[in-house]
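Structures given as structure tokens follow.
Presented sequentially are two complexes of subunit A, the first with subunit B as partner and the second with subunit C.
Moving on to the complex of A and B:
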């Protein structure tokens, strides 16, 4: 079949509604969780999606591997229409998903067994399963733990095992839905580093949903969701230069960006959208001369 | 009235091959009315430590004193202690269960054996303290947003009239506005009620702005204990144990190493901005 869309993920007028019911099952109303979203994500991109709790970002992401189907509009994953059931297995294999709580996604007794579970289910020959397990665990830096029990790993390590489980399916795209929400700073860094490495080395498309602004600064593009639609989009610099707009949307900017913004408000001639400590220090050096 | 932790050791699965020491010889004094940030990476022992403070866990050796009395003495009334030392667990909204917010908050004080009037009065006050309007009282807690649910759960503990309020990662999973709202609420409760607050967190940025004292745990031991500025001056050591100072601390360090004459102890955005503006006057 000829592909309709070359993008990794493409949505056209995507709307998702669900019906709220009271205790007796009577319809109380309809909530539109995703409202007329048009986005396209190219192969190899690193995309971040921001938005406050309840803005619709997770509901949107669940359309990217056919966990949810559009009420209206269409979603294509690598050219496959997600509402066509025949594409389901294809889509789930091409677009893997990592969720917030690592404890809910690990099933194996031993790390390598857990990572091998996915490929085994799609009938990969045993020898190749082991090859995939090895390369996946190496890609996230967890190979030395392959014989451990997942119960004795830290949150960040468990989350990297979950990612390895997705990589073992050889996906073209990985969707990470707040993968670091329950982790400590070190665990967060390791998970983000693993995601960036997969993007840069293996050229896997990454879609990162997060509440941590610092994690977003390396992405190619950022979408900001509010009330189910895409409210802002652009490069991290374009997005984070709009400090007040982001605050209205219940979001924030990295602390350095906020400091630069504060200094600008107090009269220093700094550029908008400073993202790193180095940039701020460089600019301060220039003004002081 | 203070809490004193005296040479406390705690070993998980002590008599098995899996035995490991979660707390090693901890001695701390927590005076009344202090606002404390308890920080450490996963597995550092901070959750184990707070569970000692209201007698949920008994030390393997050492003692915990509340108001000068050993809380693990067989005669000690630990039920009364649990009302005085209120513990808000991680994701406390998972523990909401009643049909409406008001009934849910009544559950704790009702179990203290108080009169119905007193129970309802306390629940009313507690919900007001967390910023609920009368019309929200009879909503189902399950229809609320994540941040609001968390407020109801905190009100449930406040209704016990605790003298010490301990919150384990109260901002986990919330969006940035939700995080600052909850932290603002906790800080307000500390000011208005004058109670001791212990805030368990991973996030230095969150803690830096609010608390008076930071206790850093690492591998079951107290690694640092002091004011935020004192503790963050050890940022290199903090990194080694999986933590970090707030980003602004690094900005000030970077400026200093570039030869700017700045004071590097700034820990909030305002302090840092004040310090940097001095350079341009």
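Moving on to the complex of A and C:
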């Protein structure tokens, strides 16, 4: 089959509807969770998808792993149409997925066995499974915990084990569906650091779905979703320079960006979309001179 | 409080018995139990006792630890022995009120007692020296021939290992729900049996709902990691018989034959 799309992930007029049924199976109502979404993600990019609860971002993410199929439109993962069943296992191996609750996605009773679960499923020989387990646990910095029970790890550590479990399948792309929502600030930092390292060192495409603004600033591009639509897209700087628009979409802006925005409103000649404390300090110093 | 429960009661140490293939240990335990019920004289039980003692010695599990597990069956043991003692017909020795004690009664009662104690000791050595994981792996491999009869062997063992993985998580959750309900005035300490049963409802309903939600999440996570049943699956830790496993099988067969000869034919 000739590849139609060179992008890592590409959607065309993607629409997904949840159909609610009553007890007899009659249609009670239809909720459109994703509505006419067109996005394209290139290999090696670090993409964030932002949105508050119910904006359709998780539903969108499940399409990238062929866990859900579009009601209308098409999704291509590495040139493969997800609605074609023949591509299913290929897609799931190429686009790995990490979910929100770390407890509900670890299958093994020992860390290394859990990481080996994916490779076992795709029929990798025993010797190579061990090599892959070792290399993926090292990539997320969890190698010394390989013999531990997952029940004795912290949330951030469990989530890094889940990431290792995905890396062991040698994917081209990892979709992280709110991986930090249930973690403490330290665990959150570790998980994001691991994702960034994979993106920069291994050149794996990362799609991070989140509602924490601070996690977005390192991404190449950001999509902001609301009510199933893509409302904004651009670099983090472009997105965060539109503070008022973000507030309309009920999203919080990082504190530094907000502070810079307020200062600018009061007349300080600052640039738009300041993302880090260092940037703000630099600019303020320039103004003093 | 609930977190202290350990299941499978694996005793972590290194010994020959620990290193044996789980399949050897499962089939040995089975053969040992069968031998206990074939043998019906005391000479045979001496062999059994020697065999058990040798295994305990080899397993490096402290004897105290093994007999701790026996506490649970004291009652059962006492009841079995008393019934056998008084209700076996035969030549009476003395009569206690309306109950006759017979020579046969004493013999069967002691035998039943020995059988039960050996049975529990034997099987607890297996669980003490084998991790739950190895046990499910071993069972899957031993039940493999049943696949021809369309028994979903792989699925059963996968369910067992997932159940084992989720026991501590669900226990923790029970603890949490219990505290949450207690904070709202639920009474879990009532002595009355009916009240106790009633108080379980606000505990079990949320627990079941959450268990089902977890099951759904887990199924999705497994699918997204390409799980599609046992077909075409490779093993990270395949079970491979080594020299010591064959030696162990040999010893067990010799023990079994000896048991039959001494316990059944010779006396």
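We adopt the following convention: the second predicted complex is superposed on the first by the 284 of 289 C-alpha atoms of A that agree within 3 Å, B and C clash if a C-alpha of one lies under 4 Å from a C-alpha of the other, contacts with A are read in each partner's own complex, and residues count from 1 in each chain.
Operating definition for what follows: contacts are C-beta pairs under 8 Å (C-beta built on N, C-alpha and C of every residue); 3 or more make two chains touch, one makes a residue touch a chain.
Please read all numbers here as calculations on a predicted model, not as lab measurements.
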Exercise for review: In the superposition on subunit A, see if there is space for subunit B and subunit C together, and answer fit or clash.
Suggested key: fit
Exercise for review: Quick one: classify A:70 as touching subunit B (first), subunit C (second), both or neither.
Suggested key: neither
Check your understanding: Is A:102 contacted by the first partner subunit B, the second partner subunit C, both or neither?
Key -> neither
Review point. Between subunit B (first) and subunit C (second), which, if any, makes contact with A:236: first, second, both or neither?
Key: neither
Review point. After superposition on the shared chain, which partner residues are touched by A:179: those of subunit B (first), subunit C (second), both, or neither?
Key: neither
Review point. Touching A:56 in the superposition: subunit B (first), subunit C (second), both, neither?
Key: neither
**Study point:** subunit A-centred angle between subunit C and subunit B, computed on Cα centres after superposition, in steps of 10 °
**Key:** 70
**Study point:** Touched partner set for A:288, first subunit B, second subunit C, both or neither
**Key:** first
Check your understanding: Of the two partner chains, subunit B (first) and subunit C (second), which one does A:250 touch, if any: first, second, both, or neither?
Key -> first
Revision key, fill the gap. Minimum Cα separation between subunit B and subunit C after superposition, in Å, equals 5
Study note, to complete from the structure: Both subunit B and subunit C touch subunit A at residues none
Practice item. Can you check the complex and tell me which residues of subunit A touch subunit B? Key: 51-54, 100, 154-156, 178, 181-187, 211, 213-214, 247, 250-252, 254-256, 258-259, 262-263, 266, 268, 277-278, 280-281, 284-285, 287-288
Review point. Quick one: in the complex, what on subunit B touches subunit A?
Key: 41-43, 145-147, 172-178, 202-205, 242-244, 246-248, 250-251, 254-255, 258, 260, 269-270, 272-273, 276-277, 279-280
Study note, to complete from the structure: The residues of subunit A that touch subunit C in their complex are 65, 67, 89, 92-93, 96-97, 99, 101, 103-110, 112-113, 116-126, 129-130, 133, 150-151, 165-166, 169
Practice item. State the interface residues of subunit C toward subunit A in the complex, per the touch definition above. Key: 132-133, 161-162, 164-165, 168-169, 214, 217-218, 220-228, 232-238
